[in-house]
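Sharing a structure here in structure tokens format.
Labels run A, B, C and D following the written order; every chain starts at residue 1.
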Amino acid sequence: MTVKLTPTQMAWRAAQDIADGAYVNLGIGFPEMVARFQPPGREAIFHTENGILGFGEAPAPGTEDWDLINAGKKAVTIKPGTAFFHHADSFAMVRGGHLDVAILGAYEVAENGDLANWSTGPRGVPAVGGAMDLVHGAKRVAVMTDHVTKDGKPKLLKRCTLPLTGVGCVTRVYSSLAVIDIEGGRFVLREKLPGLPFDELQSLTGAELHTPDPVADLIVPEL
Amino acid sequence: MDKTVPDLAAAVAGIQDGMTVMIGGFGGSGAPIELIHALIDRFLATGHPRDLTVVNNNAGNGHVGLAALIEAGMVRKLICSFPRSADPVVFTELYQAGKIELELVPQGTLAERIRAGGAGIPAFYTPTSYGTDLAAGKPVAEFDGRPYVQERWLKADVALVKAHLGDRLGNLTYRMAARNFGPLMCMAAAHTVVQVSRIVEPGAIDPEAVVTPGIFVQAVVEVPNPAQEEDLNRARAVYPQVAQ
Amino acid sequence: MTVKLTPTQMAWRAAQDIADGAYVNLGIGFPEMVARFQPPGREAIFHTENGILGFGEAPAPGTEDWDLINAGKKAVTIKPGTAFFHHADSFAMVRGGHLDVAILGAYEVAENGDLANWSTGPRGVPAVGGAMDLVHGAKRVAVMTDHVTKDGKPKLLKRCTLPLTGVGCVTRVYSSLAVIDIEGGRFVLREKLPGLPFDELQSLTGAELHTPDPVADLIVPEL
Amino acid sequence: MDKTVPDLAAAVAGIQDGMTVMIGGFGGSGAPIELIHALIDRFLATGHPRDLTVVNNNAGNGHVGLAALIEAGMVRKLICSFPRSADPVVFTELYQAGKIELELVPQGTLAERIRAGGAGIPAFYTPTSYGTDLAAGKPVAEFDGRPYVQERWLKADVALVKAHLGDRLGNLTYRMAARNFGPLMCMAAAHTVVQVSRIVEPGAIDPEAVVTPGIFVQAVVEVPNPAQEEDLNRARAVYPQVAQ
């Protein structure tokens, strides 16, 4: 039994929910990996805040062009049909509701859909980037995150304790243990790792998990 | 992903009674004549769509394109900046008879309201129209000691746009001043239908030269050698019939 | 003695005040003629609302391309350095204060700088176009107009009677009889046709003409 | 009309103490390294300009470009969305020591505020940041039942921008994702200075492919083969001195 999913496996799972032809923005870091796992026969189109639609994979090391990067400042490539545009047009896509899906990382997610992912409080340097724009722009906002912090504390909570990124914006969480929808201000458990007892999952979650429907096994390939 | 549609009839099939339809073009330049005529054909065959609210810079000219759409009785309300032209008789007669509604909007405000609709900005402030009849009833606010008028976004159910090149992903270029409202309307409509002179392979349009990225486009139909409203009017054309 | 200037002569006079390198928008109709009279050695750059900067003269009849027109729907040409753009960018130039000069026609101009040029009242079809944007956008807004209406009534007034285009926006009037600045809510006479008595000009003007400085002769070529 | 200037020193000569300076770029892409270094050179020679307010998406990386400008002590306040990078040590240390002010702005709001500054829109509404600390103190209004935050335009005295091709009229193209904030900052600054890889004759840039029309540009300087911040940082470069 898998004890918990790796970030790569979470990315794989998130990728299964992306439809053919969807316009998708992937947050900096682990969510970027979602692009690698598009199911066969589907082609999503990826948007990056810094002005590219339809970019391709990372170039071979040593062949990077540093004018051709994504929002995480990693080198990417162009594909047939790529378009470049400036930042206001880029965020018109985001804020105008033209993206189908945004997948972001999280410090905390609350059962009311609130997200905290930009500030760990008054210490440190705050950095928000495009997260606050994405959470109120994309048609569907999902989060990809470890189910608990490094200290083992729940990241899925009744209410966020850290500064908010957005209010009531998240509708699905791909965690390292489960797939959870946020519906009507509640966490609704859709999938959990096979063999992980519900009570154990509940004990690692800071708010009640609801199961109005049968819970499926969260099965992902070894990656 | 393939946004191309086989013909004009299919391109305009989804437009329903009462919808708000943005139609690109400034005067004749950029006017999607063939899409408009396909819509008129559908109305003549089925009686629908009707009661449309149309957003365009003008009110049509002669008896083709937008003027023909109005003449066919399909338009309940027009939102535009300049309902005058060389030959605006169709609109003028209906307007003076009280048979069509007009919302007159300054041209820059019209453009910005459409962009705002596409960019998720529900309202913005502008000095344009302050102190005039066109600001009547609109909120006014001062910024840095100067008065501004609040304007609301403008969105549409459908946009009908004429572009030059397009690919199956919906990436577009335009031709000279025919660009005008096209890129903005593509952004502001839930369903954007574009007629292009030529459908090209993805990658054939330089990524630097894409004017409308495909995300703003839902359907692309090829219309080689599109008609120019100006040429039609000089030939005194009338749609659906063409005079001798 | 010239009884009054023709529109062509007014356009010539207005053109003399346009600096080399100025960005200029010329209203539909008579103001369009200003472009023909740039003094030698000066090159203004002309903007048209429908998305062209730096366009050239009218093409020879029969060679028009109807995708290449100005705001008056007349065919124009491109020159080296022309740029095309969409309507929001075009009005960003206008409303963002990037144009040096806009020259418009007028039904009425008031001594407080108010302009009326879009509506003759409740009868008829109103049409505003870009006028309301230009009057609050360009750094300098000038008007080119006959000094009186066809019935001989003053068009330069204490207060406008027709629906306003803009409030306090006009700073100079090129009329068929005079050049008049609007300063501090007053008409300041700068130039008048030679031989036209001041009293006669005043009688054709609906508000007081002030002359704090010597008044020059308004001399234009036969055109 | 000729907006070209002969060298980098002339290009940055007009920037004065206390000015607001927009600097193009997203991370290293589009960063006008040579213009920034010319400004540092002037500061080292004359003690000016200082107390600058800088608008950029980031806060610099390593010890070149914007990071070097901050390190030189020329920046009083930074307006940005993401003051983190692979090596943001310069900004981080000054910020934590209370020696530099930070106004954190969501990236889309930053872009739109700059565009608004260029387009004459003193304020607009956005859902972005509603209910968060970054909306603190800002007016909130409801439109169609949804709450929005009012944001103000952002203008600058000067913009320093990196483009690709430029002509003497100021028409510009950019290179791939190096476009980012450049076209917006050109619009929003009273005086826009652009470094281009090559100055071309007017007309050499296709009128359809001009990204920034010349009206938004006041000065163009040619910098062939401009440095990439990423390459400099991988080589551990330090400005004004380059380490071995």
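Simple rule for what comes next: contacts are C-beta pairs under 8 Å (C-beta built on N, C-alpha and C of every residue); 3 or more make two chains touch, one makes a residue touch a chain.
The shown structure was predicted, so the numbers you read here are calculated from the model rather than taken from an experiment.
Most remote from chain A, judged by the distance between CA-atom centroids, is C.
In terms of their C-alpha centroids, the spacing between chain A and chain D amounts to 29 Å.
Chain A and chain C have Cα centroids lying 56 Å from one another. Centre-to-centre separation between chain A and chain B, using Cα means, comes to 37 Å.
Residue positions of chain B touching 2 or more other chains: 112, 115, 119-121, 126-127, 174-176, 207-208, 211. Under the contact definition stated at the top, the residues of chain A that touch 2 or more other chains are 78, 84-85, 88, 91, 94-95, 137. In terms of which chains touch, the assembly is arranged in some other way, matching none of the line, ring, star or all-to-all patterns. Per the contact rule defined earlier, chains pair up in contact as A-B, A-D, B-C, B-D, C-D.
Contact residues of chain D toward chain A in the complex are 26-30, 57, 59, 81-86, 88, 91-92, 95-96, 102, 104-112, 114-115, 126-134, 174-184, 211, 228-231. Residues 48-52, 64-69, 71, 73, 78, 84-88, 90-91, 94-95, 119, 125-133, 136-137, 163-167 of chain A are the ones touching chain D in the complex. Of all residues in chain C, those touching chain D in their complex are 20-21, 23, 43, 45, 47, 53-54, 78-85, 88-89, 91-99, 137. Per the touch definition, chain B reaches chain D in the complex via residues 112, 116, 119-127, 141, 143-144, 146, 148, 152, 173-176, 206-209, 211. Looking at the complex, you find that chain D touches chain C at residues 1, 115, 117-121, 167, 169, 171, 187, 201-203, 207-208, 210, 213-216.
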